[in-house]
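The structure that follows is given in the form of C-alpha cells.
Labels run A, B, C, D, E and F following the written order; every chain starts at residue 1.
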Amino acid sequence: MADRQATVRLVEESEATGRVAAIFDDIKATKRIDFVPAIWRVLATNPAHLDLMWTRLKAIMHPEADGGTSRLDPLTREIIALAVSATNGCSYCINSHTAAVRKLGLDVEGLGEVMAIVGLFNSTNAIAEGYQIEPDILPPLD
Amino acid sequence: MADRQATVRLVEESEATGRVAAIFDDIKATKRIDFVPAIWRVLATNPAHLDLMWTRLKAIMHPEADGGTSRLDPLTREIIALAVSATNGCSYCINSHTAAVRKLGLDVEGLGEVMAIVGLFNSTNAIAEGYQIEPDILPPLD
Amino acid sequence: MADRQATVRLVEESEATGRVAAIFDDIKATKRIDFVPAIWRVLATNPAHLDLMWTRLKAIMHPEADGGTSRLDPLTREIIALAVSATNGCSYCINSHTAAVRKLGLDVEGLGEVMAIVGLFNSTNAIAEGYQIEPDILPPLD
Amino acid sequence: MADRQATVRLVEESEATGRVAAIFDDIKATKRIDFVPAIWRVLATNPAHLDLMWTRLKAIMHPEADGGTSRLDPLTREIIALAVSATNGCSYCINSHTAAVRKLGLDVEGLGEVMAIVGLFNSTNAIAEGYQIEPDILPPLD
Amino acid sequence: MADRQATVRLVEESEATGRVAAIFDDIKATKRIDFVPAIWRVLATNPAHLDLMWTRLKAIMHPEADGGTSRLDPLTREIIALAVSATNGCSYCINSHTAAVRKLGLDVEGLGEVMAIVGLFNSTNAIAEGYQIEPDILPPLD
Amino acid sequence: MADRQATVRLVEESEATGRVAAIFDDIKATKRIDFVPAIWRVLATNPAHLDLMWTRLKAIMHPEADGGTSRLDPLTREIIALAVSATNGCSYCINSHTAAVRKLGLDVEGLGEVMAIVGLFNSTNAIAEGYQIEPDILPPLD
C-alpha cells in the first residue's frame, strides 16, 4: 500500500474548518463511508478547487443525493469509472472504484466480465487505429 | 467520413469464402446488422486472427448467442466499450459503439451522462497521478 | 516488488482443477517456465476468460507450439510486446516482457536500443499530433 | 487525406537554405525518398529543434548511415516505431511507419501479425492494470 | 475541417433559451469571441452538465472574470491546456488551444518551444516507465 | 519510495569515466543539484544514447546554459513537463518535475492550479473525443 508518496501533504480531517470541513462531512455522508478518501484530502490544499470538484462529482455520480434522477443506475456509473481508470492505469482510482463496485454488489465473476470487456476494447482500439480504419456510416443522433 | 484511409485493402463480402464467409455471416446474424463492419473486413486479411478476435468478442459481448449468461446486460457492456474508446480517442470505435448504445435504447441525455462520467474520471485520474496519491486501504476481494 | 496489491485473490496452482489446471500446465510448458505468472492466476478467477485469453495469446505469440509459422521471430514478437507496455506504462507487463527478451538473448545495450526507439517515437507522436500534421501520401497496400 | 489541418505553415523545400536545406537533403538521402515528409517541414519552423530531432532520429534509426552498428535490423526498428504509433493512435505516424515497413519487405500478413500483437498486449496491459497485478519476480539485469 | 462527424447534433445558438442562452452569452463575453465553440454546443444537449463544466472551466481558466487571482498568467494556463491536449492527441482541443495561445501572443517559434518540450517529455516518460526507474528522493512539500 | 525496481542496473557516479563522467558533471552543474538523477544513470548503460538525450534536453530545457534564449521562462518550461508527466501518469517523472517546479518557486496553491488545469483538460479531451466533435475554424498560423 506504500507504492508511492503523495507530492503534497494531505489535509487531516481534524484540521479541516469551514467549507472544507463541510465538504468532508458531505463526502462521508453521500458516499456512506467513515473516512475521507485521500484524493479529497489532497484537493483540500486548495479549497476552491475542492469545492468545484466535489460539486461536479456529486452532481454526476450521486444525483439521487439531491433528489435528481439518472438514466444510469449507481453500479453502472461506477463501472464506467472503473473502465476509464483501468484504461488509464491509475492505481489510486482503480483501487477506489473496485471497492465501490464491490460495495454495490458486483462479485468477482462480474468484475472479471468488466475487465474482459475493458481488455477486449483496448485491443480493438489499438487495431482500429493501427490500420487507420475509416468509420462505418453512422446515422445522425437526434 | 473520409477522415482517414485504411492502410490495407478491406476484404469485400462478395469475395469471402470458407471460414471468412462463415464468420462474416455470423457477425451479421449475431449483431443483427446487414453489413460487415470495416474492422472485420480488415482483420479478414489474416483469417486466423479474424477467427481469434471474433471468437473472443462473441464470447465476451454476445454470450447469450451461445446460450451463455452474463452479470451485465447488453447496454452496460456496450457502455463499457464506449467509455474505453472515448478514453483512448479511437474514432472508429467511438462511432461504432455510439451506434450500438443508441440501438440498445440509450437516448441523447443518457449518452450525455456517460460522457460526463468519462470526462469526470479522466480528470480525477490525471489529478490522482499528478499528486501521486497513495491508494486508500482496500479490503481484499474474495 | 510490493508496489501494488492485486484487487482480487490469485488462484493457487495447487487449487487449480480441470480446464484451469490444464491451461496452467500448458502455460508452463509453452513458455518453458516453472511457475504460473500472476496474470494467469488472476484470470483463472473466471475460467472462461482465462481460456479465451490463453488461446489467443498462444496462437499469436507461440505459433510454433502448434506447428504454425510466423513472419516474425520470437524475439521480435516480445520486443513489440515490450514497446507497447513501455508506451502504456504497465509495470507488470514491462517486467514480464523485459524478462522474456532477456531470456531470448537481448543484452543491456540491445534493450537500450529498444528503449531509445520507444522514447523517440513517443516524442514524434506527440509532436505530430501537437501540430496536427496531415499524413504524407501513402500508396495503398495490396 | 485531408483529415486534419496542420496548425502551422509547412516550410517548402524550395525556400529552405543553410542548415535547414542541408538537413532536408540528408533526410532524403538517408531515407532514400524523393520528398521531405511533412513532420520535418513543420519542425523547420524552428531550425534548432529540427537539427536536434534529426540528429537524434538519424543516430537511433539509421546508425548504418554513419558507419555505426545496431543489434536490431532496420525492419525491427520500424516495427517498434509502428507499434508505438498504433498504441498512441497517431495517424501521421502510423501512415509513415506503415509505408516504411512495407518498403522494408513486410507483407500484409506480416503487418497483420504486428497488429495482432499490438492489439493483444494493449489488452493484457489494461487487464494487468485493472487488477493491479504485482510484478512476478524479475532477476536483475546486468 | 471535415475530419470527423460529431455523434450528436450541436445546439444552435439561435435555439438556446434560459440557462443555456445565458451560458452561451457568458462564454462569448468571457473568452471575447463571437461564436460559441462546438464543444459547448454539444454539452448543451444536457444543460445541467453544460452548467457544471462551464462553471468549473470559468473558475479555473478565467479567475479574473469574477475578480479572482491566479499564480499563473493566462498564457501559461493555455500552454498547459495545449500540452495536455497534444499529449492526448485530441484534435478538437489542440486546434482550440493553439488558437488561444496565438491570441495571447505566442508566436510560431514559441509554439515550437512548447512542442519541443511536450515531445521531449513524452520521450523521457516512456523511457522512465520502460526501465521502471524508481523515483529519486523528493523532500516533502509543505 | 521502493514502489518499483529498475529493470537494469544503474551506473554509479563513481564508476563513470570519459564522456559519461563529463555528462554526469554537466548534469549536476546545469541543474544545480548534487547527485545524478536515476534516469541519467540508467541511460548511461548506453553512452551514445545518454549523449543524445542530454544534448537534446539541455538545449530545450536549459538554453541559457549555453548563452541561448527562450520565449518561455524556466518555471513555465518545467510546468509543461509536469503537465505532460501527470497526463501520462509517469511516477518517476512527476516526482522529478514536482521537485523542479518547487525549487523554481511554485507553492502548494500554485501546484494546485496546475493540477486543476491538467485535470480539467483531460476531462474536456475525453469528452471532445467521445462526441467526435469537429474542430472549430482555426485561422492559419504564419
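Please note the rule applied: a contact is a pair of C-beta atoms (placed from the backbone, for glycine too) under 8 Å apart; a residue touches a chain by one contact, two chains touch by 3 or more.
Keep in mind the model is a prediction, meaning the values are calculated, not measured.
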| item | value |
| --- | --- |
| Self-contact between copies chain B and chain E, residue sets same or different by half | different |
| From the options A-E, A-D or B-E, the pair that copies C-F, where over half of the contact pairs coincide | B-E |
| Farthest chain relative to chain E (centres taken as mean CA coordinates) | C |
| Intercentroid distance (Cα basis), chain C paired with chain B, Å | 21 |
| Cα-centroid distance, chain A relative to chain F, in whole angstrom | 28 |
| Residues of chain B whose C-beta touches two or more other chains | 1-5, 7-9, 43, 49, 52-53, 56, 60, 84-85, 87-91, 94-95, 98, 108-109, 111, 113-116, 118-120, 122-127, 129, 131-132, 135, 138, 141-142 |
| Topology of the chain contact graph, where touching chains are joined (line, ring, star, complete, other) | complete |
| Interfacial residue positions of chain D with respect to chain A in the complex | 82, 85-87, 89, 91, 94-95, 114-116, 118-120, 122-127, 129-132 |
| Touching residues (chain side chain B, partner chain C) in the complex | 4-5, 7-9, 48-49, 52-53, 55-56, 59-60, 135, 138, 140-142 |
| In the complex with chain B, residue positions of chain E that touch it | 2-5, 7-9, 43, 45-46, 49, 52-53, 84, 88-90 |
| Interface residues, chain B side, partner chain A - complex | 1-8, 35, 37-39, 42-43, 53, 56-57, 60-61, 70-72, 76-77, 79-81, 83-85, 87-88, 90-93, 95-99, 102, 106-111, 113-114, 116-118, 120-125, 127-129, 131-139, 141-142 |
| Partner chain A, residues of chain F touching it in the complex | 1, 3-4, 89, 91, 94-95, 98, 108-109, 111-113, 115-116, 119, 126 |
